[in-house]
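In the two complexes below, chain A is the common chain; its partner is chain B in one and chain C in the other.
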Partner chain A sequence: MFKHTISELKEALVCLQAGQVTLAYPLQPHPAEENFRGKPVVDFERCIGCGACAKVCPPRLIQLTDADGYREVSYTLGRCTYCGSCRDVCPAQAVQMSPLFETATPQIEDINISIRLKLLTCRECGETIATQRMAKRVENALHEAGYSHTENVNLCLSCKRKLGLNSPAWIQEVTR
Partner chain B sequence: MNSRLFNWCFKKSIWVYHANAGACNGCDIEILDVLTPYYDVERFGIRIVHTPRHADALLVTGPVTRQVRERLLRLYEATPEPKLVIAVGSCATGGGIWYDSYATCGGVKNVLPVDIHIPGCPPKPEAIVYGVAQALGMVPKQVQAQTYIEE
Partner chain C sequence: MLAQQFISKINLNGKTRLSCANPNTIMVDVPAEELQATARYVLNELHGRFISSAGADKRDIAGSFEVNQVFGLDQDKLFMVLRTEIEPTQPVIPSITPFIPGANWAEREVRDLIGVTPTDHPDPRRLVLPDDWPEGVYPLRRDFRYNEHPAANSDGRWKMRTPPPDSSVLPIGPFFPTLEEPVFINLFVRGEKIVGLDYRGFFNHRGIEKMADAELTYQQAIYLAERICGICGTVHSVCYCQAVEEAAGIQIPERALYLRSFYLELERVHSHLLWIGLACHFIGFDTLFMQAWRIREPFMWLSEYLTGARKTYGIAAIGGVLRDIPQDGPERIHPVIDRIEKELLAVVDAIQGDGSLRQRLLGTGVLSNEYARAYCVVGPTARGSGVDIDARRDHPYAAYADLDFEVCVEQGGDNWARTMVRIREVLESIKIIRQVLVKMPAGPIKAEVDEIPPWKVGVSSVEAPRGEANHYLLTGPVQRAYRWRVRAPSYNNLQGIPAMLQGQNIADAPISVGSLDPCFSCTERMGVIDQDSGEVRVYRQAELTEMFIASRSHERRSQAKKG
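And now, the complex of A and B:
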């Protein structure tokens, strides 16, 4: 019995030494650790609407819809698994995983993101090609690679073929 | 729901019944973390009870599989009014990666009226504490839907 009391006293000493471990959260802020993947945030000025994120998203929450001259990229983040694949594949570094985890909300639609980007139509047939920002990006890449012929970026594939711009002779002309 | 009655009932402490509706156990382990001395939600009077008849709130994890749907509805009916339904984790808030599966109902909101959604896969223990504190009116909502239209 005496032995038992001693062990209890030891335990009490340990408890006294430990001090207070409980976090004061939520009365005081407690930011997330480094590299924590919280709610994805999109830099609207950088997003080009290519849809690379939509292809890799495991719960397929990123949807692309083309309507009325705009491409809508919508993030239904209610089912996001915070894997970070969208950040990894984004060619424009527009998607980042923020450290925000305090996303509790009564309406789950409150964490959705919707981006509407202007579409580019073919100058011959009027068919939708891509977003204007994607075309701009292709143009810049061509300029950087040293090509000066960027006037045919706003042509769809079939119109390029009709105008003979896919022929080996013309490609040789451009790449000479 | 009558908000005055609600505020009066949930003034002091809420007892929570944890219902696993097909979760992978990730969220359940985070809920266990919330009960440890480090996060210690018992200081707010929140504790887990073992029957829905003693509970004020249902803490639901998982995408609600078809098998568990009926049981979840029975749990909801067994909980006395007024009651809170808290959906924890991406599966419960939107169905997760099983959102369109034939075997799940795609989230708790398709089965029960949800009072607070706590997204995360799994949510941090702090996020769960924040969500429950928000349901009790202790902290404000931080997120807002974002829309951008190119000029």
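And now, the complex of A and C:
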């Protein structure tokens, strides 16, 4: 009995020492930690429309649709699990995980993201090759590596073959 | 001991064939008629512990079904898989449940999902599939599409076990009142005493294994694995990565091993503190519920800072981990874990003499050592009953072989013992976190991973806060798993409930079930048993809503009368 009373006194002490710890949220905002993975945001200027994010996204909410000379990259963020795979894989550092966590909305469109990027078509056959920004990126990379002939970037693979511009076997192996 | 060396010690008859899947796993090809004898041999001579059954539909590549019985040889730090090929024309397999009660659910699951029926099984009812699922449709067969919805069989009804004579039925669920999770337990009671029970779970089969086998890549499935459990997700993502690494023979950098141990212990501390709070809530001791969760909160903020999320850390990757501890990490980790240790010790000191707590926990929900072994329970549930198993020591993974920690074992087998195991484990985990921060070598955190070779087997265990999680993985030809079987720790712990509640008072049932720290999933149907006629009536959601509204308006009327 005596032991029980001491125990209860100790419990009371624990509670008193702790005091009030709950916050008056949302009146008193509580920002997330700096590394927090919140709602993904996409920098429209940086996105090159390569679709790497769409390949790795576990809930497969990122869709690529090519139509009328444009590629649309759409994020249906209602299904997002905030894993950050899209950020980790983005070659253009266009995706960032923002600290936003208060994303409740009555309008589902509010949390969806859609980017339209102009497509590059083959100068011979008109087949879609990639987005113009992707081609630009390849061109820049070639320039940086010291190649000056970048005029064939706007040719599709089969037209390159037809024109006898076959890439060496090892390149075919990697780009397959 | 390596699997290769161990094989020479095994003395089985000539019909079985032994091979090594990887350095930790021995594959034994057993013809169906030899399965029972071989399983007995593994159990008695090799001191094996049954872990799970994994069925696979290999008709398109080998023309047969395959049933794998996974055993852990804890003394030798090995896994042993008894692989039986089954002819599709006669899909039956001798049941091992009569002498391994813990295999009960696993065998029924193989029957439900693959369609290989265990013969002489003591409880041949459905386990995983819903009652209105059509007969003869097996969702984990390869020819069943992942998004297929077969027409419901409206005649399907759950066959409840017949209650013992002179007993009444007390239904708990389908929403467990204290855990707020879906499970349906029919208690058979005489007065206040529980004399038996019937269990129906699996109300929401999420099709996680099917998604990973049919649609997702190895990389995507990691995140799916992480979402198997809302509390110990990292366990499953790491366990999945380990299974792939085992299968493909990938060596991962040492720093990544330490980081995995670090994040896993981080998870154990928060999970156990969560449980301590919940357990007190189950018995109406809400003061301690609040205090345990208060102590836990700074830890959640720390996790958010270290990994980017309070939960679902998202750190696991095949070949290592994705995120290192930030530069100033240790400076932030030490004050938080020091504070948790101090505050937890103060609380433990306070509650040890608490009369009401002791009365509710001491001597209730006793699971004897014998039953704990028979039902193959794992984790704190097993260790509370004196079964000295811990995957961190018995099947060393991550950096645990280099870390110094105690496996906390208590002999009581009651709710008090399980509580003590968990409290001690929090303190051990804090010790491990400190060691990791000191011992962790510098270096890369992720190995380069090539393509995963097909038709390799990986078996991996991770000690989750609830016990050993085990993943069996068979790699497939198109960079995704051909078959991935997850055995979560609660799967076996829940099978121990009947033994645990036998002879207990009704009032102790919630805390006893809660003391397993179980994980259930979701439903919206409810069965009520009329105690006079013994008839089972199933209410639909609309009827329940109507009943609820009616009872509320009745309440309001009677209040108005009083006013």
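Please note the rule applied: the second predicted complex is superposed on the first by the 149 of 176 C-alpha atoms of A that agree within 3 Å, B and C clash if a C-alpha of one lies under 4 Å from a C-alpha of the other, contacts with A are read in each partner's own complex, and residues count from 1 in each chain.
Keep this in mind: a residue touches a chain if its C-beta (ideal position, glycine included) is under 8 Å from a C-beta of that chain, and two chains touch if they have at least 3 such contacts.
Since the structure is predicted, the reported quantities are computational estimates derived from the model, not experimental observations.
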| item | value |
| --- | --- |
| Touched partner set for A:E102, first chain B, second chain C, both or neither | first |
| Partner chain(s) touched by A:K39 [first = chain B, second = chain C, both, neither] | first |
| Partner chain in contact with A:S85 - chain B first, chain C second, else both or neither | second |
| Which superposed partner A:V21 touches (first chain B, second chain C, both, neither) | both |
| First, second, both or neither for A:K3, with chain B first and chain C second | second |
| More chain A residues in contact - chain B or chain C | B |
| Touching partner for A:P58 - first (chain B), second (chain C), both, neither | both |
| Partner chain(s) touched by A:N112 [first = chain B, second = chain C, both, neither] | first |
| Chain B versus chain C as contact partner of A:L77, first or second or both or neither | first |
| Residues on chain A lying within both footprints (that of chain B and that of chain C) | 21, 32, 36, 58, 60, 81-83 |
| For the chain B and chain A complex, residues of the former touching the latter | 37-40, 43, 90-91, 93-97, 99, 107, 109, 114-121, 123-124, 126-127, 129-131, 133-135, 138-139, 141-150 |
| Chain C-facing residues of chain A, complex | 1, 3-4, 6-8, 10-11, 13-15, 18, 21, 32-37, 56-58, 60, 81-85, 88, 97 |
| Partner chain A, residues of chain C touching it in the complex | 216, 219-224, 226-227, 287-288, 290-291, 294, 297, 301, 304-309, 312, 314, 322, 326, 343, 346-347, 349-355 |
| In the complex with chain B, residue positions of chain A that touch it | 21-23, 25-26, 30, 32, 36, 39, 42, 44, 58-61, 70, 76-83, 100-118, 132-133 |
